[in-house]
Structures are given as C-alpha cells and as structure tokens.
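Next come two complexes built around chain A: one with chain B, the other with chain C.
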Partner chain A sequence: MNEPKSVLIIDDDILYVKAIQTLLESSGYKVRSASNSRDGIELAKALQPDLILLDVMMSERTEGFFVLQELRRIPALSRTPVIVLSSIYSEEPIFRVDPEAGWLPANLFLAKPVDPARLLTEAERLTSGSLEEKGAPAAGRKQV
Partner chain B sequence: MAATPVSARENTVFVIDDDEIIRLSCEQILKKSGYHVETFANGHVGIERLKEVRPPLLVVDIKMPELDGFEVIRIVRKIDPDVVIVVITGYATIETAVDAMKMGAYDFLPKPFTPGELRMIIERGFERWRLAREAQLLRHEKEQVERKFVTLVSHQLKSPLVAVKQYLDTLLYTSGAQLPGESAEWISRSQERISEMLKLIQDWLMLSKLDRGALTDRGVSSDIGKIAENIVREYQQLPSAAHVKLSAEIAPGLAQATGDGVSLAMLVRNLVSNAVKYNKPGGEVKVTASGNGQWITLKVSDTGIGISSLHRARLFEEFYRVISPETQNIPGTGLGLVICKRILDELGGFIDVDSKEGEYTTFTVRLPIASPIKEAEYADAVGK
Partner chain C sequence: MKILKLAKENLDFFVAVLPAFGEVYAPIRRGKGFVFERPSRWSDVQMNYTRTMLPPKKLMLPPRETTFSFDPEKGFQDRLAEASKPMVLFGVHSYDIYGLNILDRVFAQAKYPDPYYIARRKNTAIIGVDFVPDDKHLASSMNADFVDSGFDLFLSDIGDSYLVLVGTSRGDDMVVMSNCLMQAPTEADFNEYKNRSKVRRDSYKVHLALEDLPEILEMEYHSEVWDEMGKRCLSCGSCSMVCPTCYCFDVNDEVEFGSRKGERIRSWDSCLLRTHALVAGGENFRGARSSRVKFRYYHKQRGFVAEYGRPSCVGCGRSVDVCPAEINIISVIQSIRGDRDGITGSTPASV
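Now for the complex of A and B:
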C-alpha cells in the first residue's frame, strides 16, 4: 500500500473542520487542521501536505485570500494543490472559477457545504498524477 | 461633507455684495458676534474662494452687475450642495425671495436690515447647517452599520447551517447504507430544508447588495452567450435537472452585453433554475440569445406548468411564490425573480414573461449591448 496522502484544513470553524475531517479520513487521508491563518501557514510549512483546504472568512475577514498568497510565496508550497472552500460562494448550483482566471492562485473553488463525492473526487485528482494535469498555477502569476 | 478639512472654517461667513457699505457693515456686525467673515465685491472672486474654503454660510446680494445672485446660487450649489445660502434683496419683493429659495437659498434678508436682524438670520443659518451636517453623519454611519450588519449576519447565519449540512452530507455519504429505518430519508429531508435556507440567506444578501447598487457593474461588458451556454451545460450535468432536456442556441457573433459576468450569470442562472424546477418530467428548457441594434434578447423557455395571468402580475414581488398543488413541494425563496428584475433595472434592461398554464413559460430578457465592445474580463466568472 502507498503512504496515505496528507491534507491540511485551514478553517476557523472547528465544527465544520470536524465534518470534513471525518469525511476525508473515511477515505484514508491523514488530516490535520489549523483554526487561524498563522497556525495554518506554520503547519503547512512543517507538514508539506499533499493538499490544502482553505476557508476564506476567518475572524470575520477574508483572511483566506491572504493565506493563499502567502503560501504561494513559500517555494516548497508554491505548487501544493489548494482548494478554497467557502460559504461566501453559495451560487447555486455549483460555483466555479476558471482555472485561468488568475486572480487567485487556487486550484479549485468549492462552495460550502461541499458535496462529499465531489470533494473526494477532487482531492483524489489533485493529490495524484502530475502537476501539469492539475492546472497548478505558477507562483506569482499576475493578477487580473 | 466628509472632505471638509479645517475646523476654523466652521464659523466662517462669506458675504458677496457689490455694495461696499453692506460688505463693511456685515463684516463689523458679524465679527462682533465671533464669526470669521470674508467679503467679496463680485461673484467670480467669491466663488473661486468658496472652492477653497467651503464656508458653512454664504450671504449674497441678488442684484449685482456681471454675475447676479441667482447665477451665484446656481454655481455655488454645484460646487457645494451643503452651504447654507442667505440672499439679500434690495427691493424686498416676495417674488425675488421665493425665486431664490427655489434655487436653494435657505433664507432672505430684506434691505435695509438692522444688526439684530442680520445676527438672527445668520444664527438660524448656522443652526440649519449644523443640523444638516449631523443628519448626514448619522446617515453615513447608519449606512456603514447596515452594510457590515448584512455581511456579518449573513455569514454568521450561514456558517452553522453549512456545518450542520456538512455533517449530514458526511454522515449520509459515509454510513448511509447502515442507517436504521427511515433515518436516511429523514437526513436527506433535513439536508433539503437546510439548502433552502442557505439559498434564502444568499438571495437576501444579494438583494441588500442590489439595494445599495453594489452588485452589478454597468461599466463593463460580458459575453452573455458564453455565460448562457456555460450555465446550460452546468445544468445538463446536474442530477436535479435530469428530468428535463436543456439546450442553448446562441446567435453566432453575438455582441457583448452591458454588465459584469457575475450578475449576468446570476440572472441567467435564476431563470434556468426556475425553468428546470417548474417543469414536467420529460420537459424541455431552451435558452436562446440573439442581438439586434441596441439590444440582446435572451429567452428562457420551458414546457412546464406555466403561470396563470393572476400570478404573472405579482411575479417580481419580494417573497412572492405561486402556491398551487404543482408548486407546493418545489423549494424556492421567492427572491430569484426579484433579483433578476433588480439586476436588469440597474443595467437598463427589461424582463417580460409569457406563459400558458399547463403548457409553457417564456421569460424574455432584453439587455443593452455594450459599447464600445471591450475585452470581457469578467465573462468567465462561471467557468468553462
């Protein structure tokens, strides 16, 4: 068997984290979490996870966006797949951002609550195969 | 008002009068009462200085050579809508004073006047200015509180619901098969109700944004054809839309529509969502878009349950929902069409509905064509 893939969840809603953690663990992922930006960035540096799930609204601000920019500035994390999970996008039925949109270097945006099957499919896709297939954005891509 | 810089100006009075005696006497009387006074022999000089100083109060003579008092009022009102204007009328006819009031003067002072009369009117003018400023500050504060309130509350309302829904989703996904009795059924019913509530909060947030005119952007253009195609494709893959056949027919070379991609996508999505929801099994949803001259016409047609003329008139009212045996189990917030209407109001577009009960409903949207045609920076908001 392969080494289990590791996922880091950065989200200040501890209850929400538990739900996602349970889901991911049921599919064999090793999950760690951080409930604020600073811990999230530190933990990401230390763990070098295979995937990061990132919330946007933390401490009543859009801190997630800054975390994302910050992560991309760290060489070891500049190409780590990141899924932005946020309830600020609850556009029905599915919120999608063009991977080429470039305004934020995330690999994927998903609306909370996320469909379990969808999340697991995307997690699987983003943690396997070559980086090119993931549409991993280059660090420091120009903002639109 | 927020831009007013100096506190020294708070007791400043400008006097514009071609009569030197009036200027001097005003200056003397008002200085004694503690006001800072600047006088000007003609309107041009006074207006130039007013641009820099922004005094709370302006006293201006009506009858002056070159620029008369009316002209001064007209120009000053454009520069500073908040300055309180008092007019001096040499011939104290009511008509002149009334005309000046109509143009935005607050009070008038008939010549000749006593020092007491002048002081009283100036004091009243300052009182007026202070009240107006307080009201404005309060309004500004209220707006900010409201804005923050809506954003925070909606986020705080959503977060627990999102967490609860995620638990239920996870529970059903990981152990749905092992759940006893009707548990799985109950869970999925709970999920549906939570989804409805989330949608309601989202719609409410959108409406409050629209109320502030903050949602749509008239200054940009979007590829409405591509937006419509993307949304149709999205729905074609949705399990909840599997009972209908969706198609899009976009005229080749369709012009760009006025509006940002996000709000236009919301508009189309609301209409397509309705066409799917209020359809019959095996029904059709057709989205067409074409352009001519000034307008892009977008039609969303379904072969659904239709809307009676009775309900059609009230469709665009907030929280209005058609209640009938066919619709009672269809979730909805009663805000979708209101949002569509408001987006179109802001963009200068129109929406109309045609329907026959039991047969079809067609929503026709007219959007102004953007000019000049720009790069559609926002068109991709719905993805590929």
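Now for the complex of A and C:
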C-alpha cells in the first residue's frame, strides 16, 4: 500500500486550516499545519512534504510572499509544489499584479475562498506525476 | 528619465514582486548596525538606516570567493554561473551607488576586465533610496550625495510617497510588472522633492574642501603628519574592509593534500596590513605603518583624481565610524592642511 501523500498548511486562520485539513484528510492526505511563517518554514524543512498550501496575509500582509522565497532557497524544498491560497486580491484591491505574471515562484495561486473540488484536483495533480506535469515553479527572473 | 510616484503604504507590495528579478537584498538591522541581507519579511527592511556596516561591494566582490577549481582529470572549471545569479539590491544610498560606479571603472572598464565582477554587476538590479545624513556622512563634499546613473530605480522620500526615478530598461520592467502600484507625480510632488532635497543638502554636518587636495598632498609628501598617523594606526585594515571603493584583493591557490586538485581563492586584502607589500625574499616595500597610511590616502585622494578625475572616497562615513585610532578622511585632511587638532582625532564639523 502506498504511503499517504503529505501536505503542510501554513496559515494563521485556525478555522480555515481546520476546514482544509478535514477536506484533505478525508481524501487520504496526511496533513500538518503551522500558524506562522517561522514554524511553517521549520516544519517544511523537517517534514519535506509533498505539497505546501501557503497563505499570504499573516502577521504581515505580504508575509507569505517572503516565506515562499525562503522555501525556494532551501535546496530540499526548491521544487516542492506550493499552492498559494489567499484573499489578497479581494482584501487589498490596490494589489493587482497578476500572480500568473511570473513573479510568484509558486505552482499555483488560488483565491480564497477556494473551491474544495478544485483544491482536491490540484492537490492530486501536484502530488503525482512528473515535475513538468506539475508546472515547475517560476523561481527565476521574469522577462517582461 | 521617467519619473513616477509610489505610495509608501504600497512599498511592501512592490518589494514582494522584486524576486522576479533576482534574490532580494535589503538593509536590515543586525545588532546595533545594519547589513545588506535577504529579508525574511517586509518589516525586516529598514528604509531609514544610516549606513550598512559593509557596503554593497561585498555582493559584487565577495570577501572570499572561489573563482575556479582545477583538477588534472576534469581540467579547469570556472564559477561564472554562480556569479551570474540575478540579484536585486534594494535600498542603496547614493554614495554606495557611486562606490559601485567607481568599482566599475576598475573592474569592468579597465584594461583587464574582471569576468566575475562583471557577471554580478550585470545581473544585479540596484534600487536606490535617499537618506538623511548624520554627523559622519560627507557624501556632499565628495559629490556623491546624488547619482544620475548606476541605478535601475531610485526612490526619494516625499512624505507619504516616494518619487521614483527610472534609470534603466530593467527598472522600467519593474515598473511595468508593478504598474498598478505606481502613479503619475503631480507638480506638488516635484515641489516637495525640491524642498526635501534642499533640506537634505543643508543637513550635512561635515564639509571638506577638496579642490586643491591633490596639490596639497603633493606638497606634504614628506610631512611629519604621516609619521604621527603611522604611530596611531593599528594596521587593522578596518578602513579598507568597510570602504565601498577599496578593492585590493589577494589570490591564493588552495591545493588538496596528496593531489593536484584545488581551487583558486580570491579574498579581500588591505594596503594597511603589514603583509600587503611583502614579497618573496622578505622584502617589504611598505614596512612602516606610516607609509601604508600615506599610501591609502594618496591613492584615494591623489592617484584616483589623476587617473579618473575624482577621488575614490564617496563620503559614506564608514571609516569615520570604525577606525579605532580615529584616523579618517576628516582628521587626515585637517592635519595635512595644517590644523593640528586633526591629529588628536576629534571629528570636526567643518574642515
């Protein structure tokens, strides 16, 4: 029998984490969570999960973006699939820089509230198959 | 030059998209000082810092770097790929940008261009920010309190916003990517910029007269001032290490025991160190401390003027800050101009 895939959620919204955790666990994932960026990075280093779900607005409104940079600097996590889950575009309407523009070294950006079926589909896609199928993160510079 | 405006409250968003252009380094607090480091969150970034302990030179010409490795079987392997890693230096003061422009003359535009320096420089975006001088800054005396080149973007504080000067096409790319955050400045913004610029210029506490300094140095070559400075100098080399334009380096081959494999290492050197002019056979061309102190000031204030038309000091104030013997550009100039107080190490308000 295959080992369950592991998912790390880094998010300071405890209720949201519980909801996502329940959803993922009911689909067979092993889920751990961290409610702040420091614990999240340490847990990611220790667990080396198959997937990371990352919030943006935590104690600072751009915190998740910095966490993502730090994760990408850790060799063991530089290619770990990351889905950024955030309501930053609805809560901070001034920030309209397209997440698809190549500046965000995540595999996917999903706006909160996230569609559970979509999240499960993307989690399945990103935790299986080759790096190419996952859509490797844009960790380099963007040509605009 | 394109000029835009960025609200301060949106600066964190702007910095969040900069990693698209390379690893971001910014001034962050370390102990009682500041360093250029990779911030782990926006609140780490210090926009109102005085000066960093080491200048951004450390990222263009690292204190110690392997330039290539050699192996009888694999041959020669350079490290240019590592040196080409894109970086963004955010929050650089004008004098440090000037310092990099001066290093360009030595490493990029001289007879023997340095591929490692050039690779880093080409792949590093510079975002400047203005500053309020403290009692050690003398950038205005060195004409380094304003730069018109050497940056991709330059941010000037105008109250609730920054006026953003776009210096290069890479800077323009940054603007395009974060365009929703930028606005067109108004006439009032320009007036605020001019007002603050004047206040900043007027707030320098140190003013040095440099016009005839190369000639004075010529006259004072045999001055006893150098002997007195030599007695005080501890030859620690701190002044060179923190200087944005000191670029002496040493090269050593480190070979593995029992093999012919090894690496060529380049590391910072200083003309103040006793071994700087020591050659095989034991001859030391600058064995006396006084000759080493003198050499440093002649190179910066006279040799550089003859070669490049300006002194290589940019007035950052770092050597004023770190020298344990209080030997610095202020006390040296004061002394050779005949003001004996300079020898005592007091920091004058005006020389």
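Quick note on the criterion: the second predicted complex is superposed on the first by the 124 of 144 C-alpha atoms of A that agree within 3 Å, B and C clash if a C-alpha of one lies under 4 Å from a C-alpha of the other, contacts with A are read in each partner's own complex, and residues count from 1 in each chain.
We adopt the following convention: a contact is a pair of C-beta atoms (placed from the backbone, for glycine too) under 8 Å apart; a residue touches a chain by one contact, two chains touch by 3 or more.
This is a predicted model, so every value here is computed, not measured.
Trainee: Compare chain B and chain C by how many residues of chain A each one touches, and report the one with more.
Mentor: Between chain B and chain C, B touches the greater number of residues in chain A.
Trainee: Quick check for you: in the superposed arrangement, does A:37 touch first (chain B), second (chain C), both or neither?
Mentor: After superposing on A, A:37 lies in contact with chain C but is clear of chain B.
Trainee: Who does A:62 touch here: chain B (first), chain C (second), both, or neither?
Mentor: Only chain C is touched by A:62; chain B is not.
Trainee: Quick one: is A:122 in contact with chain B, with chain C, with both, or with neither? Answer first, second, both or neither.
Mentor: The answer is neither, since A:122 touches no partner chain.
Trainee: Return first, second, both or neither, reflecting whether A:70 touches chain B, chain C, both chains, or no partner chain.
Mentor: Second partner only.
Trainee: Which holds for A:50: it touches chain B only (first), chain C only (second), both, or neither?
Mentor: A:50: touches no partner chain.
Trainee: Of the partners chain B and chain C, which touch A:16 in the superposed model: first, second, both, neither?
Mentor: First partner only, chain B.
Trainee: Which chain A residues lie in the overlap of the chain B contact set and the chain C contact set?
Mentor: The answer is residues 60, 92, 94, 96-97, 101, 144 of chain A.
Trainee: Can you list the chain A residues touching chain C in their complex?
Mentor: 37, 60-63, 65-66, 69-70, 73, 92, 94-97, 101-103, 105, 138, 140-142, 144
Trainee: List the residues on chain A that touch chain B in their complex, please.
Mentor: 13, 15-16, 18-20, 22-23, 26, 57, 60, 87-88, 90-94, 96-98, 100-101, 112-117, 144
Trainee: Which residues, counting only chain B, touch chain A once they are in their complex?
Mentor: My answer: residues 152, 155, 158-160, 162-163, 165-167, 169-170, 172-174, 198-199, 202, 234-235, 238, 240, 265-266, 269, 273, 377, 380-384.
Trainee: In the complex formed with chain A, which residues of chain C make contact?
Mentor: 10, 12-13, 15-17, 19-24, 38-43, 86, 173, 176-178, 180-181
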